[in-house]
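See the structures that follow.
Across the two complexes that follow, subunit A remains constant while its partner is subunit B and subsequently subunit C.
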Partner chain A sequence: MMTPTATVKTFTIDGKPYSATEDETILDVARENGIDIPTLCHLEGILPTGQCRLCMVEIQGSGRLVPACATKPEEGMEIVTDNPRLRNYRKMIVELLFSERNHICAVCVSNGHCELQSVAQKLGVNHVRFAYLHPRFMLDGSHPKYEVDHNRCILCGRCVRVCEEIEGAHTRDLRNRGIRTMVITDFDTPWGESPTCTGCGKCVHVCPTGALAEKGKSVAEMAKRRHFLPYLALRRRGGK
Partner chain B sequence: MKKIRLATIWLDGCSGCHMSFLDIDERLIELSDRVELVFSPLVDAKEFPEDVDITLVEGALGTEEDLHKIRKIRERTKLLVAFGDCAVTANIPSMRNPFGRDEMLKSLYVETDALNPQVPAQSLPELLPRALPLHHYVHVDVFLPGCPPSANTIYQVLTELIEGRIPDVNTLTRFGA
Partner chain C sequence: MSDRIVIEQVTRIEGHARVSIFLNDDGSVKDAQVHVTQVRGFEKFVQGRPFYEMPSLTARTCGICPVSHLIASAKACDQILSVRIPPTAISLRRILNLGQIIQSHALNFFYLSSPDLLLGMDSDPARRNILGVAQEHPQFARDGIRLRQFGQQVIERLAGKRIHPAWVIPGGVASPLDPSAREQILREIPEVKNIIQRTLDWYKKNLNAYQEYIRTFANFPSLFLGLVNKEGRLEHYHGYLRVVTARGSILADQLSVEDYADYIGEAVEPWSYLKSPYYKPLGYPGGMYRVGPLARLNIANECGTPLADQELAEFHCLDKGAVLSSFHYHYARLIEILYAIERIEQLLDDPDILSTSVRAHAEVNNLEGIGVSEAPRGTLIHHYKVDEYGLIQWANLIIASGHNNLAMNRGVLQAARYYVKSAQLTEGMLNRVEAVIRAFDPCLACSTHAVGQMPLAIELIAPDGRVVDTLVRGE
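Here is the complex of A and B:
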């Protein structure tokens, strides 16, 4: 619905003219118009944070790269969503994600349902040029229904955001910085002992990989169900 | 028409990629008109031959022996294909890497064996500190991910390579496929 103060901005994406209202991001406009920009941390219904950097687009004239999910277009902007430079960076980001932890697709609960796996295929990542770090992580299986495997976590923060924004529990958060960052439960206590977790499972179902899963799922069995999210997000904004 | 000299080898892997290769079924007969299988677990050659056109390498590099073999293969092969996830990413064999070689051997052969606790040392190639993908040590020409790559994928990639074309594998397969 147009409010009296609403302004419409006009700009181009990949040479074609588009318009957007005040609250739309570059990614919103691109998706509305069938322009494909890859994302990992973005999820319709929770706030964008620009964390994964996969949706970076180029702004002509400035040479700057900005995250499409968290940037609003400006009047006269010339946005480029695909060129060799962007493709190179996107591939590099995905390869670095694979090298940073132990993503072994063949034995993963989310094999075949994983967004990291499918984005890798889409971007043509068929091997990783960087040295694998092979870090050592403990699994947390203390929760009666769910488990977390940090080997497969890409630190997208979806679980943190959905827990805070939609469930209102804020059980999850991130600790440390950079490569040492970890998703934690409360003050880094075992999940099963969390006094704040409601056991709703939203974090499990927004997780793009097999890092968060339901217990008892075997290889390739953990498909995520997210149909609840747009509805709950709408209710939370007070929509009908 | 001169036949393409094809070799296949199985290093630190489970042989699943070779099984999938056999799943090409009757198309193997068609392939045999175009290629000569000069070295493979499926034939009887003992020494990796010279002048190989295409080598499919299954498995990661996990031992000193694997390293020795892959270097010889690279020298003697025009087109080296990393065949399956173990060759491409080190996959399952890499699951030992976070623990370290010595800790793993101790856990497997000493701590859990009450009767004869010892790390096997004789007549076995030495384990590398970490199992790694082929391209960590040698140049790889084609990466064919999948665990295993499907028979159709293998057939399509092979027929393209035989024709002298490099196929776009990303439309055919992926990690863990």
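Here is the complex of A and C:
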């Protein structure tokens, strides 16, 4: 028996019929049903922002692609999650990420545990057709426990969101625009001097690459632990 | 200014080099220079990187001997942490280093140099490679491949992969030894010991056939430098610098590696990207010294393993003082392979080798670190300075092959004067000049040309720039 206020939408993904409640996104429904849509900035437990554009899907009748992580299905929608056009765009996005900063996996602390690396493998990115830009960012090693290497940052904003939404500190934010954009601590102070950082390390563990890492980890040793996140998010919503 | 002969590329070496032979008006050889034609820039681009990346970053200097760099680098990082790493970690690093020495020496002797020795310096260059050896002397080629495989497998079984493993880290090693890996290595030792003894016997029997090369391949007095342990024994992982004169007497002993800058100067020559180190107390270029297998056997009192000690005693009888011909680098490599196999066995027999305490943890406690080890080609020094957060501010790498730069140049000149007669250029003549370089086994970079297919062009250029004669290999 349905309550009068509950609305269930019915729609198709890749030709098969599905249904969703009002607060579910296309990505939620896809993942529940084993349909693989690649993501990088999305992380269960923090709010979606649609920044990385990897989860773009097609809606029949609309020329515009929409991010599956931040779009809710509408009644009768026909959603396409995989075709040559989408694969081409996704590959290009990953190539552009690789071409911008310095993502040399072989010497990275996160080699073998990196989401950028595994997405690239999954999408078959075996070369980068764009010129490497490699702007040089200084590392910040001032924190006693952690280190940030902006050269490996993909600006997904997970660290900014987890710090604000879960830890409640909002130590991190972004500054500048375009290629000069970078994650900063407070008003761009060295991390070790931040009066707001609690040293909880959530930002380090949600970071998809080796940009944020624990000090003392050597190459390929920085595996991230994220199992805490859905639990913490649930507690924050009042356990419902 | 007279004619000049250029050998480009030098083949069957590791890396890229070119040789220029300058001729007098009467066609005799006036001078010769080995140009190392690649610039790498590691010391510059590591600046700003965290020190714990250094083992993996600097390992990329070379795909043949990444382990040597891993070890020297990790040792420099141990000093930055100011830790004494667990004894088992030291033993495991030693085994890894010895595996590296076996595979690298086998690569040089069997793959790169044996074609000259077995098929002849003047044989058809298209077949003068390991495949040619495999056709004519299949068992010999199989032995070489097996020895190299064993060395590589030691590395793989300890560190997870053969090339660029990330297992050696600041403070020790990443994981303890798997008991089954120990069993496997120990099981294979009798077989490889047998192979290297067979090869040594064959080599010694044939030594007479190479008398001309022994006389002319960089055979001159020089100093010899390398590590020995406290007792003056052969040492590859940790020890003290010893310098021995051409007469075989000890000039300096038990020098602390941390003070290397007091003993080793580095001169820069405009014609090569490779620096020319020299022994400072004797000045430049009088302080020319050689490193590597020949130097290590010249400076060591003994090896410390039974079979290698017998071979070393025989080796020391080759000359009255130190063994001076660089052709004997080949001989020395074979003895070192035997030593490395025996030493790996000794280290694995120690029950403590399976200890799970293999890593020390610490923060940055020291802003400077110096790490040294004996790489297959000689003494390797890594020297870093970091800021308080552990970011590299300055780095200096003294690569093993670099130490031999002066001696190698002098050796090439010696051979060129003896073999090159410009009136009748032959390919075999120039191959002998290249073979001198191969004897030193310089590792000039990450690439090898093991199969010898790189085209070699030699041009004889007249004073007006006219090409008088050309010889092209590989067509």
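One rule holds in what follows: the second predicted complex is superposed on the first by the 235 of 240 C-alpha atoms of A that agree within 3 Å, B and C clash if a C-alpha of one lies under 4 Å from a C-alpha of the other, contacts with A are read in each partner's own complex, and residues count from 1 in each chain.
The working rule: a contact is a pair of C-beta atoms (placed from the backbone, for glycine too) under 8 Å apart; a residue touches a chain by one contact, two chains touch by 3 or more.
None of these values were measured; they are calculated from a predicted model.
By the touch criterion stated above, A:T189 is placed in contact with neither subunit B nor subunit C.
By the document's definition of touching, neither partner reaches A:T12: not subunit B, not subunit C.
In the overlay built on the shared chain, the residue A:K217 is in contact with subunit C alone; subunit B does not reach it.
In the superposed model, A:N111 makes contact with both subunit B and subunit C. Shared-chain residue A:T21: touches no atom of subunit B or subunit C. Among subunit B and subunit C, the chain that touches a larger number of residues in subunit A is B. After overlaying the two complexes on the shared chain, residue contacts for A:T49 are found with neither subunit B nor subunit C. For the contact definition in use here, the residues of subunit A common to its subunit B contact set and its subunit C contact set are 106-107, 111, 136. Interface residues of subunit A facing subunit C in the complex, by the touch rule stated above, are 106-107, 109, 111, 136, 138-139, 141-142, 144, 147, 149, 215-221. If you check the complex, the residues on subunit B that touch subunit A are 82, 85, 88-92, 94-95, 97-99, 130, 132-133, 135-136, 140, 143-145, 147, 169-170, 173-176. Per the touch definition, subunit A reaches subunit B in the complex via residues 98, 102-108, 111-112, 117-118, 120-122, 124, 126-129, 131-132, 134-137. Listing the residues of subunit C that touch subunit A in their complex gives 48-50, 52-53, 55-57, 60, 164, 166, 169-170, 174, 361, 363, 387, 389-391.
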